[in-house]
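We just call them A, B, C and D in the order they show up, numbering each chain from 1.
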Amino acid sequence: MSEKKKPKKVFVSGSISPEKIATSIANHQVKTNIGAHSIFLGQVRADEIDGKTVTAIDYSAYEEMAEQKFYEIREAAFDQFDLTCMHIYHSLGEVKSGEICLFIFTSSAHRKEAIEACNFLVEEIKAKVPIFGKELFEDETHQWKVNR
Amino acid sequence: MSEKKKPKKVFVSGSISPEKIATSIANHQVKTNIGAHSIFLGQVRADEIDGKTVTAIDYSAYEEMAEQKFYEIREAAFDQFDLTCMHIYHSLGEVKSGEICLFIFTSSAHRKEAIEACNFLVEEIKAKVPIFGKELFEDETHQWKVNR
Amino acid sequence: MKVTVKYFGAIAEQAGLHEEAIELSEIGTSLGDLKTHCIQKYQLDDDALQIAINQQIGTVNTLNDGDEIAFLPPFAGG
Amino acid sequence: MKVTVKYFGAIAEQAGLHEEAIELSEIGTSLGDLKTHCIQKYQLDDDALQIAINQQIGTVNTLNDGDEIAFLPPFAGG
């Protein structure tokens, strides 16, 4: 098994900072066989639902299964696309509206592979990884988020 | 004409830093109607061609026409996709291998629009904007880059 | 024969707990039996409910001693 | 009748200059005439060459006084 395929920690506590993203990008500047990076960021929306505004989402997960699913999805992406690198980070715990909860980062020699792999990862993660989101309102009530 | 559609400066001198990207992301955290960002980054590859390695690309452009094309492409993207924001930056002058020369950033309430708009912009820019790249080798020879 | 049952998200909220051990002898040893038991016990919303056995959502219906069964509400990752 | 001709990238390198004014009276007033003239004068590589008139690549073939004509090699943005 190649080094890049070993299971990696996906979950991070709380929101993902723009600085973390910048560091991740900067770390790839030594890899001069990369020609294209594709990045997807999920950001918590302050949706208004029945007159109440979402202030944050509290993420939880079936962690063991989620890590296994992330691993399978990563393997499938490395098999299907000619990638140099792939990184996935997802928040657990509370992420305020406006903050980032998902960071997907794919790199390849050419744009097509990086872009298609990134799209594949977004869809697979949304569909297959057991992550749950509790949308918190200003008045301390909540509702459970459902992916569309 | 809406504020977001006014012509914006696309060209930057030299490479685009990861910090600039982080700042751009951070600036969008106040826009709490955004749920998804899609980012494409072009990075200069140290391609080996006939035994010589590319150390940098020196970008030039037919600037007036390029700015006009960027404007038309932006307008078309805002018409076709339901976007909250769109930013495009491209380098002029020398960008070393490993450094970033193109930064496309689209934001929307939902992932589909942000992702499709980002892909649209990448393809349109590569096909329609008169930008030229001189690939510089270690030995100070060069060749002219052609997009595939 | 005993299994561990885990509840997540909205389902954990309805059940009022995250995890319990359930003795299958009086319920039955199929997943269907266990599902019916838990849904009735906690009045769970089984609309869009998915169930994983040992972290796999699938076709297995027979339970074994020590299995980990998870009741999963709709996913909301990303 | 005079036009401004601009050369870019590999084409500018072949021509040995970036810009010049050309008097059309002795060449002809169609874009085809000007193109032939410049390609022959500088031995330009017209493989994949695109020409813009007043920043538009298109179907116009008639030139007017003051037009800006650009000889563009393949694009390499991104």
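Brief remarks on what is shown
Assume a contact is a pair of C-beta atoms (placed from the backbone, for glycine too) under 8 Å apart; a residue touches a chain by one contact, two chains touch by 3 or more.
Predicted, not measured: the structure shown is a model, and the values here were computed from it.
The minimum number of touch steps linking subunit B to subunit D comes to 1.
With centres taken as mean Cα positions, subunit C sits 49 Å from subunit B. Separation between the centroids of subunit A and subunit B, computed from CA atoms only, is 23 Å. Subunit C and subunit D have centres, each the mean of its CA atoms, that are 73 Å apart. For subunit D, residues that reach two or more other chains under the stated contact definition are 78.
Shared contact sites, meaning residues of subunit A that touch two or more other chains, fall at 42, 111, 122. Applying the touch definition to every pair of chains gives A-B, A-C, B-D.
On the side of subunit D, the complex with subunit B involves touching residues 6, 8-10, 13, 48, 52, 55, 70, 72-78. Within the complex formed with subunit C, the subunit A residues making contact are 42, 57, 59-62, 64-65, 68, 90, 101-102, 122, 125-134, 144-147. Listed in rising order, the residues of subunit B touching subunit A in the complex are 18-19, 21-23, 25-26, 28-46, 97-100, 107, 109-111, 115, 118-119, 122, 148.
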